[in-house]
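Structure provided below as structure tokens; questions to follow.
Letters A, B, C and D mark the chains as written, and numbering starts fresh at 1 in each.
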Amino acid sequence: MENYKKIIEDIYLDLKDVEDTGKIADYIPELAFVAPDNLGINITTINKESFGVGDFEKKFSIQSIAKILSLTFAYKLEGEPLWKRVDVEPSGNPFNSLLQLEADLGKPRNPFINSGALVVCDVLLSHLENPKEDFLNFCKEISNNTSLSYNEKVAQSEKSVGFRNVALCNFIKSFGNIKNNVDDVLDFYFHICSLEMNCKELSQIFLYLADDFYTTVKGKRILTMNEAKRINAVMLTCGFYDESGEFAFRVGLPGKSGVGGGIIAIHPDKFCMTVWSPKLNEKGNSYKGMLFLEKFTTKTASSIF
Amino acid sequence: MENYKKIIEDIYLDLKDVEDTGKIADYIPELAFVAPDNLGINITTINKESFGVGDFEKKFSIQSIAKILSLTFAYKLEGEPLWKRVDVEPSGNPFNSLLQLEADLGKPRNPFINSGALVVCDVLLSHLENPKEDFLNFCKEISNNTSLSYNEKVAQSEKSVGFRNVALCNFIKSFGNIKNNVDDVLDFYFHICSLEMNCKELSQIFLYLADDFYTTVKGKRILTMNEAKRINAVMLTCGFYDESGEFAFRVGLPGKSGVGGGIIAIHPDKFCMTVWSPKLNEKGNSYKGMLFLEKFTTKTASSIF
Amino acid sequence: MENYKKIIEDIYLDLKDVEDTGKIADYIPELAFVAPDNLGINITTINKESFGVGDFEKKFSIQSIAKILSLTFAYKLEGEPLWKRVDVEPSGNPFNSLLQLEADLGKPRNPFINSGALVVCDVLLSHLENPKEDFLNFCKEISNNTSLSYNEKVAQSEKSVGFRNVALCNFIKSFGNIKNNVDDVLDFYFHICSLEMNCKELSQIFLYLADDFYTTVKGKRILTMNEAKRINAVMLTCGFYDESGEFAFRVGLPGKSGVGGGIIAIHPDKFCMTVWSPKLNEKGNSYKGMLFLEKFTTKTASSIF
Amino acid sequence: MENYKKIIEDIYLDLKDVEDTGKIADYIPELAFVAPDNLGINITTINKESFGVGDFEKKFSIQSIAKILSLTFAYKLEGEPLWKRVDVEPSGNPFNSLLQLEADLGKPRNPFINSGALVVCDVLLSHLENPKEDFLNFCKEISNNTSLSYNEKVAQSEKSVGFRNVALCNFIKSFGNIKNNVDDVLDFYFHICSLEMNCKELSQIFLYLADDFYTTVKGKRILTMNEAKRINAVMLTCGFYDESGEFAFRVGLPGKSGVGGGIIAIHPDKFCMTVWSPKLNEKGNSYKGMLFLEKFTTKTASSIF
């Protein structure tokens, strides 16, 4: 950990001065209120040491990063048949997504694009009695963190402008790959995306993907080693929308971004790391977050390749 | 190595009896002559120990696997500006490829789809005096293997039916991203794909991607550590056409397939492995090759994730 | 009229014996109940003579034929600015429709594909106090036919399975080209499509497109001559989905089909004709309806070309 | 004719003063040399009266207008089986063309987009001994005009930059829908497009599409009445690329444009008209040509609708 600390601090100081050419996500009205110059970093190693700099203890909207949690829960409950409902292939550029959904008869390309995350929510709805409550409890259990909560305002804000997601969900329903009521699926989806955490909490909650032998405080496994590796693989190939290849190329770690400006990255058997900086590049990923991780893996030679 | 041997032999024996639902590639007339029940496996570790079973010493047409070699050579000669000519993103399903090429104004999505490999050939043509000879010499040097050669019949066979590649090359030329004469680019491309090697030779020639400190017999580096890692990253996200995600998910190693039925896979810091079985699944990758590698990484827990 | 009668009767008798390779539309549950061997034909000339054979007095669901009526009403109320909201170009094959809508930033290609008809409904909602009632009154006025009504069962039936239309309407809304509430637009749309008429009524209600000097019983014009000609032009280029070119080629008249199996065709300055036969060809147009009209225009040399 | 003359002269004078927001086609080097302010108009009625204003006797490159002539010749030689090789549907917006060609397995959407015109040329090559000479003789015969000739410079100029057409032709060949040598098809195609005529000659050569009873000076029919009507139908639905619907909507006549700035329009049973003005709108059709024809058909009420 010690050598990580110095490197993290150095890059943090460098980055403070770098001009941020990104733009804050403003299509969700509530997200537009966040101060654009927040910058937080946190690393947690598999022996549970944690270190953070900057705004690493401020909560933010984790948005699509939550899709790893819903995927994990659905995989745990549904097992391998999950992959009959959603594929594990990168999706090419975004403007093809509806076309591909049509060609693939309603089976989304992967669980991290919106269509796939909606199907994952639908799978969860079929398993859970009280979906929103049960999902929150699952998150609390794996992180041993009881302070997690949805941001109701963000969920409503997203619902008020989420016509594309309504379109997507109905489109998939027309192929029969949404089993529950469309409104229920969307409400669940918007709530999951509204989860709030800070960098430190995020780097802790995803340790189960870094540590092959991770157990909860109650001594339970979240996923088998094989299942965790598979989720890492899907993150590497599909975690950054149309920039997944670029992230693998420049950073070399499995990871996932959210439009709130957060990125988490996993080094199997070593650590989980979070960076948060709200301004996004044109592909929708945190501009400084990408930059930080590239510098970090270069200086520490910690790519998985 | 000793524990790998036993596992390889066991899976090999298993696979001999598995029914092969694949189909041999017959769109290139010359390739259709290969005996479909060939099955060869070879592993070479970074300390240069090598072990093979089955038809691991029979030469076959490596086809698209050669795209790693041309990419390596172009990256070495052109450096980072190479990525202005070709991107590093997975391409989504194949029927979008021309559409994407149009949307991306002639910049191929990655160097392993045909459009990208053609641009890589064009880059090489701009650097080399005698392209076909120089490329062969480069391959001989990195592998310390003087027996390498093109199969002229295969090259001509592919040229005789290669209308799609002619279309692709002219299409990219119309955007200005092919600088040399289209016929020269295609001739070079068809020759590169006609290279013949056996499993053992293949698992040796790609050691420079597994070993961070690899040097040729003359003591020269092929690529920097960082460059090699980047090529591994591109192989992981783009090496298996529309099945790249599936390969990462099931096998968990960077790799590359060819329509001749060969697959190579890299475990960074450990080994390079080749499997050859000519019958292809519907995505164009060796059916038994995929199966072998999935079983192997599961039994040896050697995924990079 | 006399020579038309004989020709119509002859073709009608011929067609009765032709094997119908079409299939009844069954995606709308309520439509699947119609007897598949219905066959009705009616012609009304601009001097208001009318002649019918077969099931020309049985009511059926006119479905997309109603899109001419909603377009007419919206054009009358909105004038030329209507064409800023919806284009007049044929749409190519259907699987591109969402892609094109994305490329065209939510402006549908024409008013006869579903996306365009939804925008037309949205325009009407912005003008009308009681949309469903007002639209019905408009139809009654232009046809001098007080018996027109929606089929509530069909409207509900379509709503229960209309996920694609819900998707489409939300998708367009995401581009800002739907101004009213999505549910209201869809409810109005499904009602319009549920209108029921028989062949005779249909061939009478569209006389305003055949007769340059048409006025209602109250002496009012529906559209200017120029406007009527433009609607005819849009019918010719876009009235038969992905078979519009084929219809122009084989039949040579402006027309419009519906999935209920009806087709209307206009010969400017001469007549309006309706054919009804519920079984559809693979492009979604009445199999025998197309056949009848081809034979009719060939025998009477009444193509507009 | 007399009332046409006055109207034509009036619109001509109006148009001289209208600012031309179009742009001359410069992708074919040789075409860029044409003076942009040329403006010529000619009408020929079916009783062979002809009237022209402005630059109606200057020759220009008719480009895609020649596709009507090659289609006519191929239809005459091949008959109805021609339509198994090329469809008659409008093509939607241009950037889908390759995608559609792939989805339709190499069958072009219509004979007026480049892919379709290439297939028509291929059909002609299969029938003709000396294609270029035979085609020119055919054109001379139907027009009774012995002065027709190819512009070799324009043909070569187009060949030197025609990578897209080379791509297209090879792509179709890969589906088996080009039977002859690709280079021969392209050479023939580029020559056909290089034909030069003036407005007067153009309005005379296409009289066979306006006059149901047209015969050559030797008393021969070019096409049957039914065949001629069908070509008119295809012109109406497909003659103006992605602006075909707009032309039908605004002008209301079958017609065909070329990137040289020419447009011909047919009024069945009445006349054939040519307008030439080299600057093109963004859809690739003559800006003033479209404007002239819209004004003309409005003032003369000569739309076919």
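Simple rule for what comes next: contacts are C-beta pairs under 8 Å (C-beta built on N, C-alpha and C of every residue); 3 or more make two chains touch, one makes a residue touch a chain.
Keep in mind it's a predicted model, so treat the numbers as computed, not measured.
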Reference chain A; chain at largest CA-centroid distance: D
Chain A and chain C: spacing of chain centres that average the CA atoms, whole Å: 48
Cα-centroid distance, chain A relative to chain B, in whole angstrom: 32
Mean-CA-position distance for chain C and chain B (Å): 55
Residue numbers of chain B (touch at least two other chains): 95-96, 99, 103
Pairs of chains in contact (touch as defined earlier), listed by label: A-B, A-C, B-D, C-D
Chain D partner contacts - residues on chain C that touch it in the complex: 87-93, 95-96, 99-100, 103-104, 109-110, 225-226, 228-230, 232-234, 236-238, 242-246, 248-249, 252, 254, 268, 298, 301, 303-305
Chain B partner contacts - residues on chain D that touch it in the complex: 95-96, 98-99, 102-103, 163-164, 166-171, 173-174, 182
